[in-house]
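Pasting in a structure now, in structure tokens, and then I'll have a few things to ask.
As written, the chains take the letters A, B, C and D, and residue 1 is the first residue of each chain.
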Amino acid sequence: MKIGFIGLGNMGSAMAANLLTAGHEVTVYNRSPDKVTALTARGAVPAASVADACHGDVVVTMLSNDAAVEAVTFGDSGILAHLPAGAVHVSSSTVSVALADRLTAAHAGAGQGFVAAPVFGRPEAAAAAKLFVVAAGAPATVETVSPIFDAIGQRTFVLGEEPRAANLVKISGNFLIASVIESLGEAMALVGKAGVDKQQYLELLTSTLFDAPVYRTYGGLLAREEFSPAGFAAPLGLKDVKLALSAGEELQVPLPVASLLRDRFLTLLATGGDELDWSAVGALSAWEAGGKPPA
Amino acid sequence: MKIGFIGLGNMGSAMAANLLTAGHEVTVYNRSPDKVTALTARGAVPAASVADACHGDVVVTMLSNDAAVEAVTFGDSGILAHLPAGAVHVSSSTVSVALADRLTAAHAGAGQGFVAAPVFGRPEAAAAAKLFVVAAGAPATVETVSPIFDAIGQRTFVLGEEPRAANLVKISGNFLIASVIESLGEAMALVGKAGVDKQQYLELLTSTLFDAPVYRTYGGLLAREEFSPAGFAAPLGLKDVKLALSAGEELQVPLPVASLLRDRFLTLLATGGDELDWSAVGALSAWEAGGKPPA
Amino acid sequence: MKIGFIGLGNMGSAMAANLLTAGHEVTVYNRSPDKVTALTARGAVPAASVADACHGDVVVTMLSNDAAVEAVTFGDSGILAHLPAGAVHVSSSTVSVALADRLTAAHAGAGQGFVAAPVFGRPEAAAAAKLFVVAAGAPATVETVSPIFDAIGQRTFVLGEEPRAANLVKISGNFLIASVIESLGEAMALVGKAGVDKQQYLELLTSTLFDAPVYRTYGGLLAREEFSPAGFAAPLGLKDVKLALSAGEELQVPLPVASLLRDRFLTLLATGGDELDWSAVGALSAWEAGGKPPA
Amino acid sequence: MKIGFIGLGNMGSAMAANLLTAGHEVTVYNRSPDKVTALTARGAVPAASVADACHGDVVVTMLSNDAAVEAVTFGDSGILAHLPAGAVHVSSSTVSVALADRLTAAHAGAGQGFVAAPVFGRPEAAAAAKLFVVAAGAPATVETVSPIFDAIGQRTFVLGEEPRAANLVKISGNFLIASVIESLGEAMALVGKAGVDKQQYLELLTSTLFDAPVYRTYGGLLAREEFSPAGFAAPLGLKDVKLALSAGEELQVPLPVASLLRDRFLTLLATGGDELDWSAVGALSAWEAGGKPPA
């Protein structure tokens, strides 16, 4: 397929590279152009503008928040104005349900397709084409763009016709990961202060009821107190928890653990942890228990 | 080995049965004698009193709380007074760190061995001899009683010489399970209110980052709203969260998620859920979001 | 003074009436015109549009949220476009710190004065000209408009040159009131379930350490379970708690009690309490403790 | 009256002195005898033992927790064994509802009277005989001992026949004070980080809706960051919050603000604040927001 790809951060670069590997024709665009070179070396065509990335069958956006997606979508030089009728915008960014609704309506109005397809997985998984893709949109449109999902992920879950559902599930999934970080952090602060070895504790957990990637990954970071460099930085964690809270407000669903996480992330950011991995919120419990602040 | 077994609830009956299966000589005692019959039919010897169950090499206790363990251990007719010097008390109940310390000192004073060996697993796992055993105590003593662990579980983790460590790890593990119930309950309330199918959502979670028994078991109960009959009743869940909070108080470790869970369990009990499975606390979020109370 | 007054809800109508009583020339505007009649009967001049209310020395806005203030301020038919240079916009609405900053900059750019002057007090206090006014802005401008504050309130607190400070203090004050509602609600659920008479309990509190209007007012509503009709409706309470949380996010200040309140208000709204007084959040504790839902 | 007084801490010494001032015959006992001298200088008779303090019409206990009250009440050398039939035990300590019930039953069984009479007020108020007394017990017995309350307090509230009600109200009152500390601490962290002067902010609050002693006292401590020496030390604050939580557990009433406070106090104690005034928990918010820890 002819694919435009906008947003070449840790995740986006890896995803675009895998699209090239799979044989797609990929035009890449990034606000700061330094990320473009590595991909052109692998065969990508550089785009000078967002509009330049909109000449294919599909344009994929993988950006850090609502504002960034809005900036490349709306306005005279945006996707909406330049994508041909019948072409498809695949939004893989973790954005709000409200923005998903707005994009759905706008692209429908412009005769363009729209699929929400956020992904689960850290940069390592993106590099290995092992992401999990959660897609939602008109079935025929999802079908059309599915080769993209095959190229970047290990499995795709199709959630129905409303794009917002995919974003909500992604948001809720990140909330669940953050919940694991918080509860593991509390548990490790407790057993750690009593002298139990954290690595042995983690091995016990992950050999039994908690035998899941999320416990191994985040438990390992917590046990080793390895928060830098950030695979997923704390401010992004706060953003995602706020997306969950906003979705909860719109749907009138109270989310007390998400509320706690919001306060945790604010504490982390206010006390110097803004460049740490988001797993560092799990180290705040040990700090409150008399240990050191996360670093 | 000659083993006395005290406490024949859902868990204890299954564990005693597996000790018989493994060829041990088992004398069983239960406060209400009706649970004894099924085991004598399988070859167990009935004991008329706690003292009667203390004539072997080991006595295992599997009871519901601190008070029950204290009642069979201390006093003129208790284990401490009747267990021979050199024999071992294996405490598999989920009890407080404070009681673990008290038992450790008391048995040492009486020349008896003491091993804390709480287990992870619901009644189905106990029946299948698939429990995970977390053991701590003097190494030689733990070694002596290890055939018991082999008979009831799929794997044993030995945590060191201080029995309290095993109890703390068990307590923290149950706290982590309850945390999963709460956070899954919040996530399901959120996506469910938006119309996402809960079973499909759970399949997505457990096929990806949350591919662990605890998510499958409790997520399934929540998705099916299947809280009765209770595999592990809500009052026991509250008891365990309180054990975590008490341990946190002793060690001066704040545990905000455990605090939330305490309040959740109180709400569940106060609103008629005292006979439901503890996973019903995860359904309180959907109730607060305008749905039905758990039943 | 010649004053335009925009926003004739419970609060605004009473404030405008007191401006008339104090001898000011008042032009009034409201989106739905039925509120206008009562004031024209007392001597107010009806305005057919926002622009019509902008011909005097000052225009006061008293509206329910950010969106309403933005709607009357910005755009071709807004205050900014029609207020003469040198005239002053007094914003008494409870709005976000972010909007306060935006209004400050916009009016400065248009050569107009801007004073943030939110008020404390329920409709009864507004009717009695007993409000407390919290004002901030350029000192000379605040001085100019101070006769307005004298007419509507019993006391004015001037907080400095930055309008945002007044809004932040107002937001924090409403948060403190909501905190009193929540904590009183918990305490009353506790003593009430033990059979202590809530009115006697409240008398004890307000005769001793808690001898303050806020405890008498909200404690009385809680003790009498008198949540309808709403003096200040639950959705406005949620709005204000969210303003506190947003301010906390901007300033990186975690606010756990505000987080709890957010979830409480969502529960109240999701379970049918959207037309109740905001004090009804204090009745959720008794519901969770097995009592009736607030009504 | 002939009064025995047991427990001469900051509060008890002041109360006993006021009993002497009011003309009562007072025998005083304290575990560490150094506190006794100051009172014997004012006319008190020193008691060599608890039993020695039990020869009058009434014995008052003012001790720091359940264990201390149990220690002087039960056992061969305790109040229960030595107080004459018909004499009255007035318990002014802040103790659990469970202990109140136990004392009620024990004294009834021994033919002795029992009145729970906890007090509100810090040491300054005790010294000035300005305490508020919350009393409950058999009406005739309460009547008999009321001269004691007149001597130590400014007002007595009689709550009915069940002593436990007085203890529950005292516990709930201390919870409400702690709630004020927490919420004020959050609000001050918020406005303070924006540059608002905390003293001016407090004056605004206490001149308006929050015109109550509790806001002036604790707001002043927080605004001045004056946490040492402790008028009421942090560990006592934790004790009282735990009493509220225990009462809530017994009555099945969830108390989320109390849960938050529990975690706050644990953080304060674990990070070196165990000798600070309990109001220092209100300074944790500013610390989390990037400021200094309380000291």
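One rule holds in what follows: a residue touches a chain if its C-beta (ideal position, glycine included) is under 8 Å from a C-beta of that chain, and two chains touch if they have at least 3 such contacts.
Here the structure is a predicted model, which means the values were calculated and not measured.
Student: What's the minimum number of touch steps needed to get from chain B to chain D?
Tutor: 1
Student: Chain B and chain A are one sequence twice: same or different residues at the contact, by the over-half rule?
Tutor: On the two sides of the chain B and chain A interface, the residue numbers are mostly the same, over half being shared.
Student: What is the distance in Å between the mean C-alpha positions of chain A and chain B?
Tutor: Their C-alpha centroids are separated by 37 Å.
Student: Taking each chain's centre as the mean position of its Cα atoms, how many Å separate chain B from chain C?
Tutor: Distance between chain centres: 52 Å.
Student: Please output the residue numbers of chain C that touch at least 2 other chains, ranges allowed.
Tutor: In chain C, the residues touching two or more other chains are 248, 252-256, 260, 263, 266-267, 270, 288-290.
Student: Taking the complex as given, what residues does chain C use to touch chain A?
Tutor: Chain C residues touching chain A: 242, 245, 248-249, 252-256, 259-260, 262-264, 266-267, 269-270.
Student: Can you list the residues on chain D that touch chain C in the complex?
Tutor: By the definition above, chain D touches chain C via 97, 120, 132, 134, 155, 157, 159-160, 162, 164-165, 168-169, 172-173, 175-177, 179-180, 182-184, 186-187, 189-191, 193-196, 200-201, 204-205, 207-215, 244, 247-248, 251-258, 260, 285, 288-290.
Student: For chain D, which residues count as touching chain A in their complex?
Tutor: 263, 266-267, 270-272, 288-290
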